[in-house]
Amino acid sequence: MNYKSLLSCLFSISVLVGVPAGAQPRFITVASTTSTEQSGLFRHILPIFENKTGIQVRVIALGTGQALDMARRGDADVVFVHARSAEEKFVAEGYGVKRLPVMYNDFVLIGPKSDPARVAGSKDVLDALRKLKAAAVPFVSRGDRSGTHMAELALWKSSGIEIDREKGPWYRDTGQGMGPALNTASSMNGYILADRGTWISFKNRGDLAILVEGDKRLFNQYGVILVNPEKHKHVKKALGLAFIDWVISPDGQKAIADYRIGGEQLFFPNAGQEGA
Amino acid sequence: MLPLLLQEVSFAVNGRTIIDRISVEIAAGPRTIILGPNGAGKSVLMRLCHGLLKPTAGVIAWRGPTNGGLRQAMVFQRPVMLRRSALANVIYGMRLAAIAPRERELRARDVLEAVGLSHLAERPARMLSGGEQQRVALARAWALNPEVLFLDEPTANLDPGATRDIESIVAQIHASGTKIIMTTHNLGQARRLGDEILFLYQGRLAERALVDRFFRQPVSPEAASFIRDELPQI
Amino acid sequence: MSEITQALGAAGAMIFSFDPKLIEIVLLSLCVSLTAVLIASVIGLPLGAAIAVNRFTGRRALIVVLNALMGLPPVVVGLVVYLLLSRAGPLGELGILFTPSAMVVAQTILILPIVAALSRQVIEDSWQEYQEQLRSLSAGPLTSALTLLRDARFSLVTIVLAGFGRAAAEVGAVMIVGGNIDGVTRVMTTAIALETSKGDLPLALGLGIILLALVLALNATAYWVKEAAQRRYG
């Protein structure tokens, strides 16, 4: 056994691994959601930003609730999520500097093609939800405090159903990200609320299809916030602002609009829009 | 170092007495054989003398002048070989005894030749036969140039041929000036190798005598019956 | 069934085309786990040997705890390390969260008990065999520990390989402290988790096949090392 060569190999490996932590390139940490990561949006727009500025963007994809918690702990420089009320609370608590709208996409109600609850083609998502509950068909919920989950809960509430009290065994609270939840829905031929972006890039559809879409209430707004450097001294303020400024700039907005899957645009830029 | 003095030495474990108030002085010179039936406490007594065990009562002391430290070595019933060559095993012992590096290999090869194992010096020690391993153990002990060599039933697991080899080496080591203290339950071996006998029975020193007198006219009844029962044994 | 064969085919194509993303992920996995096992061994092997040859109060309790820690759930280790390395935590100043260094830390903590507990067992078994001879040769605890470590080297290699296998195969710890960042902290296991959740089975399967091949190769190596050593050294 040649101890010497093995040792020197391992030493150089450890030096290699140590380098990323030591002499790092300029980078920021962005806490975002599983839906933006899994739709492939970041894969498309981040290289454009990185080429332009030389700033590497490291994205940690979690649920919106987790992303905001992570930012509260100071483990991220920027948050990029889609749950307006949670974001505004975040800023109001002093953890974020300012919330800026960036883009929107929409949610769609997915279900089996056989559609036992008879909701396909409806333009009224609230009515569809009431029908789902009445038919007691399997419904998969994210259950993970994500933006999608919060949107789902808001829709139940708007439809007049207190889902917490009125749910039955048909309501499957999985605590998973969008992809795994879709997997679950696919395998049990159930209904699920999903963001269009993740659905379009989701490959394991089984018997599922979009049943309800286009309702204004399914509108899903994304916001970007710089984590407050006054709360966490180490936040990379300049680099973070460079990213935010780019994302809401015409260049960034165009990059977002250019992202397509199968010719379809997933996200619609609306930075600067009043009330977004 | 020598003589080794034991005063009212006892050793008990969990309330059981294994060595019971033994007092004896072991001097330099004659080959001392500790003889006795199985369970008499021979091995425990050896370990007490060598220092591997501490007596629960009584005193063990080396009374002689100590020039250059207490040099003693022990060879066990089962030889313990490291996963190295025979030569490396012998050198290992010398390294622990702080013998100069340059001297070690030379001495190691010398003793290995003396025990007839030169041709096996580079072999992995654990691949050698039982008799060969025991010879390596002897070589390892001998290389330390000890003043006292303890041997605990060194040939109990060996065939007659190997036993003869070991006995001849022990004789050589004695001839080179080392005090031999050895246990055995084999009367023939005691007769061949011993100058004096310490006969142990149930943890007590039952008799001490020069070898001829012991076998011709044992004084203690325990020794007499032991010799009677074990004979004929060559 | 056809879905699986389809995915397997796509996976095979991906592996043999040496997809750069794939290579990057595999290399990072190896890097992180190798570094972790190196550090864990440097600490764990001597620690195991030290516990094996020394006697002190609380030793048995320590051994029980060490053995229990072998079963540390990776996700719990990940959580604890995350809380320590988070900016809000005590070691936040280090700034290594979400970098490979954090992953190395977490995996080192995960496999250190395995290396220490198993080496303790192996060395202690050796110690039973060698103890008297080593003490007879005046070897103190430190020398004994080092000698036994060297003597048991082949068994220890097996233990180190086992530790590496455990590290390379876990996902819970590296997912939490690494964040599965594309191009920075994405390793085989976290990539498999991600691609599976996206429903992208070919890539997930491709990585899975490589990971399985790695684990198999490790086990084969461990077996071969022990076999060869047994034949050579006994």
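Per-chain numbering from 1; labels A, B and C assigned in written order.
Just so it is clear, a contact is a pair of C-beta atoms (placed from the backbone, for glycine too) under 8 Å apart; a residue touches a chain by one contact, two chains touch by 3 or more.
Keep in mind it's a predicted model, so treat the numbers as computed, not measured.
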item	value
Two chains sharing the most C-beta contacts	A-C
Core chain by centroid distance, with centroids computed from Cα atoms only	C
Chain centre separation in whole Å, for chain C relative to chain B (CA means)	47
Approximate Å spacing (C-alpha centroids) for the pair chain A, chain C	33
Inter-centroid spacing, chain B versus chain A (mean Cα positions, whole Å)	79
For chain A, residues that touch 2 or more chains besides their own	none
Residues of chain C engaged with two or more neighbouring chains	153
Chain B - residues contacting chain C, complex	47, 50, 52, 73-74, 76, 80, 82-84, 92-93, 96-97, 124-127
Interfacial residue positions of chain C with respect to chain A in the complex	30-32, 34-35, 38-39, 86-89, 92, 95-101, 104, 153, 157, 179-182, 184, 196-201
Residues of chain C that touch chain B when the two form their complex	129-130, 132-133, 135-139, 143, 147, 151, 153, 229, 232-234
Parts of chain A lying in touch with chain C, wherever the complex brings them together	1, 10, 13-14, 16-18, 20-21, 24, 29, 34, 38, 42-43, 58-61, 72-75, 176-177, 179-180, 182-183, 186, 201-205, 232, 234
